[in-house]
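Next up is a structure, given as structure tokens.
As written, the chains take the letters A, B, C and D, and residue 1 is the first residue of each chain.
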Amino acid sequence: MAKNDLIIRVAGEGGEGVVSTGDFVAAACARAGLEIYTFKTFPAEIKGGYAMYQVRTSPDRIYNQGDTFDVLCAFNGEAYEVNKHLLKPGTAFVYDYPGGDFEPDAIPEGVHAYPIPMSKTAKEMKSYRSKNMVAMGALSVLFNINEVTLKQVLTKKFGKKGEEILNFNLQAFEKGKELAMPLKKTDPWRVADATAPKDVIVISGNDAAGMGALLGGLEFFSAYPITPATEIAKYVATHLPKLGGTLIQAEDEIASIGQVLGASYAGKKSMTATSGPGLALMAEMLGMAFMSETPVMLVDVQRGGPSTGLPTKHEQSDLFLAIHGAHGDAPRIVLSVEDVKDCIDMTVDALNLAEEYQCPVLLLSDGSLAFSTQTVPRPNPADYTIVHRKMWDGEGTYARYKMTEDGISPMVNPGTPGGMHIATGLEHTESGAPSFKAETHEQMQAKRFGKIKPVVNRYKPTEVDGEGEADLGIITWGSTIGVAREAVARLRAEGYKVKGFYPKLMWPMPVEQYEAFAATCKKILVPEVNYQGQLSHFIRAETSIKPIPFTICGGLPFTPIQMMDRVKEII
Amino acid sequence: MAKNDLIIRVAGEGGEGVVSTGDFVAAACARAGLEIYTFKTFPAEIKGGYAMYQVRTSPDRIYNQGDTFDVLCAFNGEAYEVNKHLLKPGTAFVYDYPGGDFEPDAIPEGVHAYPIPMSKTAKEMKSYRSKNMVAMGALSVLFNINEVTLKQVLTKKFGKKGEEILNFNLQAFEKGKELAMPLKKTDPWRVADATAPKDVIVISGNDAAGMGALLGGLEFFSAYPITPATEIAKYVATHLPKLGGTLIQAEDEIASIGQVLGASYAGKKSMTATSGPGLALMAEMLGMAFMSETPVMLVDVQRGGPSTGLPTKHEQSDLFLAIHGAHGDAPRIVLSVEDVKDCIDMTVDALNLAEEYQCPVLLLSDGSLAFSTQTVPRPNPADYTIVHRKMWDGEGTYARYKMTEDGISPMVNPGTPGGMHIATGLEHTESGAPSFKAETHEQMQAKRFGKIKPVVNRYKPTEVDGEGEADLGIITWGSTIGVAREAVARLRAEGYKVKGFYPKLMWPMPVEQYEAFAATCKKILVPEVNYQGQLSHFIRAETSIKPIPFTICGGLPFTPIQMMDRVKEII
Amino acid sequence: MSVAALHKVDLKPKDYKSEVSVVWCPGCGYHGILSSIYKSLAELGVDSSNLMAISGIGCSSRTPYFIKSYKMHTLHGRAGPVATGAQLAQPEQAVLVTGGDGDGFSIGGGHMPHMARKNVNLTYILYDNGIYGLTKGQYSPTSRPELKAYTTPYGGPDEPMNPLLYMLTYGATYVAQGFAGKPQLCAELIKGALEHKGFSYVNIFSQCPTFNSIDTVEFYRELVREVPEGHDTSNLGAAMELARRDAEGHAPIGLLYKVNRPTLDERLAAIVTKVGGHKGYDINKIIDLASP
Amino acid sequence: MSVAALHKVDLKPKDYKSEVSVVWCPGCGYHGILSSIYKSLAELGVDSSNLMAISGIGCSSRTPYFIKSYKMHTLHGRAGPVATGAQLAQPEQAVLVTGGDGDGFSIGGGHMPHMARKNVNLTYILYDNGIYGLTKGQYSPTSRPELKAYTTPYGGPDEPMNPLLYMLTYGATYVAQGFAGKPQLCAELIKGALEHKGFSYVNIFSQCPTFNSIDTVEFYRELVREVPEGHDTSNLGAAMELARRDAEGHAPIGLLYKVNRPTLDERLAAIVTKVGGHKGYDINKIIDLASP
């Protein structure tokens, strides 16, 4: 890899400015026309505790958080302790010394060490808060972080708080630069030089889902807070009112999905967002949405389970619940996102599919994407098509569940004369009247299942990464796709014949596409971050493929190298 | 088939005594040493509406409700209308005429018609209530229903209400006999003669589950009413207090499973019972039981879904939810019953497995078994082993989630000095302290999954019906097994080479047993009463078998002939 | 809701009957409640196509099937949230919720406080028969412990709750109680509820002759007493006092409480106004906020 | 619960500390509440091994980790049912539930009425900070609409609920309110609650300096007023009047209400007695009932 695809990890105590340092560096790189992909872990404590923020930046597209850092910036002893085993030859190590709360062990051979007295300098400036500015100054000098854009970013942020605060921070930044200047740079890491700025935004997965909701024409949102999904509601709460829409925080998840169902019945594009525990509580109402053919959309930001589990950690283990989590036969359309861009685009897709197919649509995101900020081409609202439900034309007698060729029955909004009808969770005839006859149930189930089948051909085809025959194909989903892309590329560069298949439509499964892909590969590896190999299960059940599962569940995403190693073992 | 394996269907308006007629006939046959298997359908209305009660009786063991009736006794015009298409040559037809509310069309060729003026006679006796007694008298004469045992049953029932009422009913019964006596019997159907009375009970699936709970040493039961599971709670409410135990009706299903978890933590054998919608609501708490390794047992009496669906109808469509209905990776042990006897025995098993493996255990029953009464050998309490959870020996420092060889950590009851600990839904160390480290999560998941694995070998092996090689093997579950048993026997009698495989342990799946069975069959047919072929899905996912799904979902069980026909088509 | 704002039509009570035939048992109090609903709709001239009737699951929750209107038959206990969503989506339409004591106060009991305190602009009619009818007779939160029911063959262990006191405590802005045996009174109370802007709650005692053997028509007749003349319906303390029943345990029927405060939809609309929100707002301005 | 019946031990408050270190923010009111709990346990001489501390999810729900006892850390909103089950299973032991305003009155709000009216014999301490702490600051059912929080950047649309009035309405048999800034009072109220036989509820105002910017220590100090001398704690009406706050909106602190009535476990035990139930009952008699 180019030495300017690099990863800077900042670590320290929560509240010490770890997050803002990361944000500033990321924004400065993005302004300089570079790509960024950030990754964070949060302390389990409410306040304080170990925090880590890592920025990967490169002039080229980035697909994941990377293998490990190239540069570590340690704000305190805990940060050093947690990361010291990763100080491999070639890495650079910037740390608070002297005057910090720790003295590192002997620096390992080949590690490039840059002691910077961050705390001491901050103390001299009589402001603990300036510690991270000192660090940033040093980092900018040492690793060629664009000073112009970094200052723009700082100005944008602190400018609002008044000249004095801005100047003080810039001063600390300069101090950091001065401290680094005399140090001899021995490592090869440098952020790429600025290029023509691209028209991008920098946004987290959760904010992106919120933005997607706005772009998708959302009118009503109801949710109950839950880590790591709450920021979607926060984003929507902040911006939806500007567009005249409504957000409410419900008393629990059952109420929020209920409100979504009610609002959708009443004619509004509606959605909610939650995480695993909330999804579990919504199972019954999602069945009702299927049965009553009411469009509802739900984002599930998966976290470490089961139960309360590891609420701030990454996992992709809600696929079983997403697809099978209803009593009776009541499927949903399930999508999953790969990256932050998908969080925008596929939230629009999910809202559209719910309207088009009049059924529940679940969009799966995950804990690592939720807070990962990435550069995304600035979305142009005009590029997004908003699909509306098929409406009754007012002709004849209205029957809500009319049998039609494609199984989709026109809807009608309350308030329309002549369209009065019932939406119900009981089995029913075309008019909605309860009926427990064998034929009714069989025909209506066939209708409800039949209408969503075409989505496998009508949703964008699953991307195949690579051409021709391969010794091994990787099939994976969610944010693990980004890891697979890089692993495939690097393996290919090393001469391996590998391919990738990256489904976004999880259910119903585009079986023919799976089969066609697998037909070109000798072996199929399915990496995923869960214990049971949930996608592997569905592949075995629905296709003729015999996948080799590759599961990890330690609360962290795969790294490209981890995936490459496994491929090399089994290819 | 012997002409004395026969099915008498009584049909009429709810409230006309349809159910008690069926109950009396069934009890009389059981008292006469015969086997019975009854089947009912309920009106959707609260009161009134079409009701049907069918008694199948034979000197030999009966496995299901049968193909169709041999004898129809129609109390009113609706009963006739609903059933007249089933009046095939050879069937007998007893009906309320003259003086009833209908006159049948021309009796089809070959149908043996016996008009009995039931309403008229009742009217003459000035008691509408005696109509069914008249019918019963006629039936007893026409079809050799044992008069002695029938009178015993009537006496048992009406005796409590005083001599007058008893005599009046017996009188009506005699009237019915007199009316039938002069009729010329042209059909071949007769209930077998009494044999030495067997030591049996006659009980419904729901009551049987209640009885199993008592035999299994249940101490605490909490439930929320729901069709078709409520009778389990009713049975337990009536009898558990006699054994010193406690039943409460909770405010909802989430509360009931929560109470069960709490009581179990506090050391009591605990369970709940519900149906699909309730199970959906319990998903989150079942995940907590898995994570906290707390024994909880739940009976799910499946009904027609999805959503509110067809609440009084039969379906076996909760397998997906039962196995996959949790966020994160959180499996359960899932069992399913074949018949009423299983409802007793496997409720005991399920309670035992929960204690043994310290995890949630789900027992699946269904709407047709719930109300089906069957003859069951009288259970002997001494035959049932009650398993208790492994308890801490008091040595050393107690660690609730201690890593042990078999993954099962000893428990301790509150009140025990030195055993204080926390049960938690957060990921945790051996002591129960929260830990979100990668190793902890991976090891603990491995422990929790690992400990339940042995159940596939330790639970009773899946029954194989037949020997040697076969052209086709039927794999099925739940009450459909009873249908398969008869279909297999009859097909074999017709010369077909067929076998059956009847799993009761649904999850984890005894894969080797499936494979071994399938290795002896050219084709595998999987009949089940749901839309998606849920067991087929799991067979495809977990074994190398390529099953041929055979699904129906009209709210009714399979009939043997229906299954035989399908086998003949594809064999 | 306040139906005052609705388009007015001139219809008879029977015009609000739908084509689905009523399935309740003969003698069930619900027949009377349904007539009262038809009557109040007709008197107010409610345009059916601007009415959403929403329910959960239970005998009482079958009501929407029998009313000509837009309607939803949802899940046990969940009429409240669904109706809240529907009301917020169409604040210019009328929303009527009907349901049972189990539906509303047992499984649905977690939603009630929030609907009331948020003053969701809808009318909630609770058919209070002290039993679970549809599931064939288990005790409900309003059952008396004397009742021997399906899961309580030896009587119940619980004290019954007090729906009126709950709703007053929760902050409902219109609280009334009727009895199915007094259809004229019920119609008046329902009419008042429909006219009220805000969360209006009407509790109606109703006999279930099929499963509740003790809360008979006669029992209710003895139980109820009209709200005394001169009761100040704007006085929460006085309403609570009445709701808590008199020394002989009589239950008040009539209007107990009625006040006005902003409804949830109004408060949400105020937020939109505050931020200057409107349909034509340029979404690019929001996207710009994410530029680095 | 009534801890009177428990085995008595002689311990200091610190002896009730577990080995797990407290994770709350500096300045959080919860530190004070925890000390009050330790103190009351020590004063009552509660034997830890006969105590079950049970919670849901939230910052407050972390409490059991810090107490030496049997304990369960359950699901958000579900401490109530789990504790009910545990109490009924071991009626001779003490059960202490701790949780937040969101846990208890938002997602768990459907369980509260039933625990109270059934008079489940346990103590419920609700840490009322007017915010969702653990999820980083969303408004809760006790938040004032002035609060600008995570999902309500422009202020909230809801009126806050009144926990004390709710619990009085629900039939709790011991209802008190404290403030984390008054640890001595809190300890007394908790002690009283633990001694009480029946469902005892203590609401404790507590500042969340991290996320609730308006309900500060100073705010609460201004807000609270001691229950007046001479208040009759057996008078429900008077307790409700106090709970509804005075004309200036002051919130009462102290004991508002305390009465005795049979607990759920007693009433269930009475059923067992009524049917002559006991461990040695011959199950064959029950099986016999099913013979044809």
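The rule is simple: a residue touches a chain if its C-beta (ideal position, glycine included) is under 8 Å from a C-beta of that chain, and two chains touch if they have at least 3 such contacts.
Given the structure is predicted, the values throughout are model-derived calculations rather than measurements.
Enquirer: Taking each chain's centre as the mean of its Cα atoms, which chain lies farthest from chain D?
Expert: Chain centre farthest from chain D's centre: B.
Enquirer: Name whichever of A-C and A-D has more C-beta pairs touching across its two chains.
Expert: Most contacts of the two pairs: A-C.
Enquirer: How far is the middle of chain A from the middle of chain C, if each middle is the mean of its Cα atoms, in Å?
Expert: 42
Enquirer: Can you compute the centre-to-centre distance for chain A and chain B, using the mean CA position of each chain? Integer Å is fine.
Expert: 45
Enquirer: What whole-number Å value describes the gap between the mean CA coordinates of chain C and chain D?
Expert: Spacing between the chain centres: roughly 30 Å.
Enquirer: Among all residues of chain B, which ones touch two or more of the remaining chains?
Expert: Counting only residues that touch two or more other chains, chain B contributes 44, 241, 248, 251-252, 277, 284, 288, 292, 307-308, 424-426, 434.
Enquirer: Pull out every residue in chain D that's touching 2 or more other chains.
Expert: Those would be 73, 75, 106-107, 109-111, 113-114, 141, 154, 157, 264, 268, 271, 274-275.
Enquirer: Which chain B residues qualify as touching chain D in the complex?
Expert: 26-28, 30-31, 153, 200-203, 207, 211, 214-215, 219-220, 222, 239, 241-246, 248, 250-252, 254-268, 270, 284-285, 288, 292, 375, 378-379, 381, 413-426, 433-434
Enquirer: Give every residue of chain B touching chain A within the complex, in rising order.
Expert: On the chain B side, the touching residues are 44, 275-277, 279-281, 283-284, 287-288, 290-292, 302, 304-313, 315, 317-318, 320-321, 323-331, 424-427, 434, 436-439, 441-442, 445, 449, 530-532, 534, 537-538, 540-542, 552-556.
Enquirer: What residues of chain D sit close enough to touch chain C in their complex?
Expert: Result: residues 105-111, 113-114, 117-119, 141, 154-155, 157-162, 165-166, 169-171, 236-237, 240-241, 244, 261, 264, 267-268, 270-271, 274-275 of chain D touch chain C.
Enquirer: For chain C, which residues count as touching chain A in their complex?
Expert: It is residues 20, 48-50, 52, 54, 57, 64-65, 68-75, 78, 80-90, 92-93, 110-111, 113-114, 264, 268, 271-272, 274-279, 281, 283-287, 290-292 of chain C that touch chain A.
Enquirer: Give the list of chain D residues in touch with chain A in this complex.
Expert: So the residues of chain D in touch with chain A come to 23-26, 57, 59, 73, 75-77, 106-107, 109, 132-136, 138-139, 141, 150-154, 157, 210.
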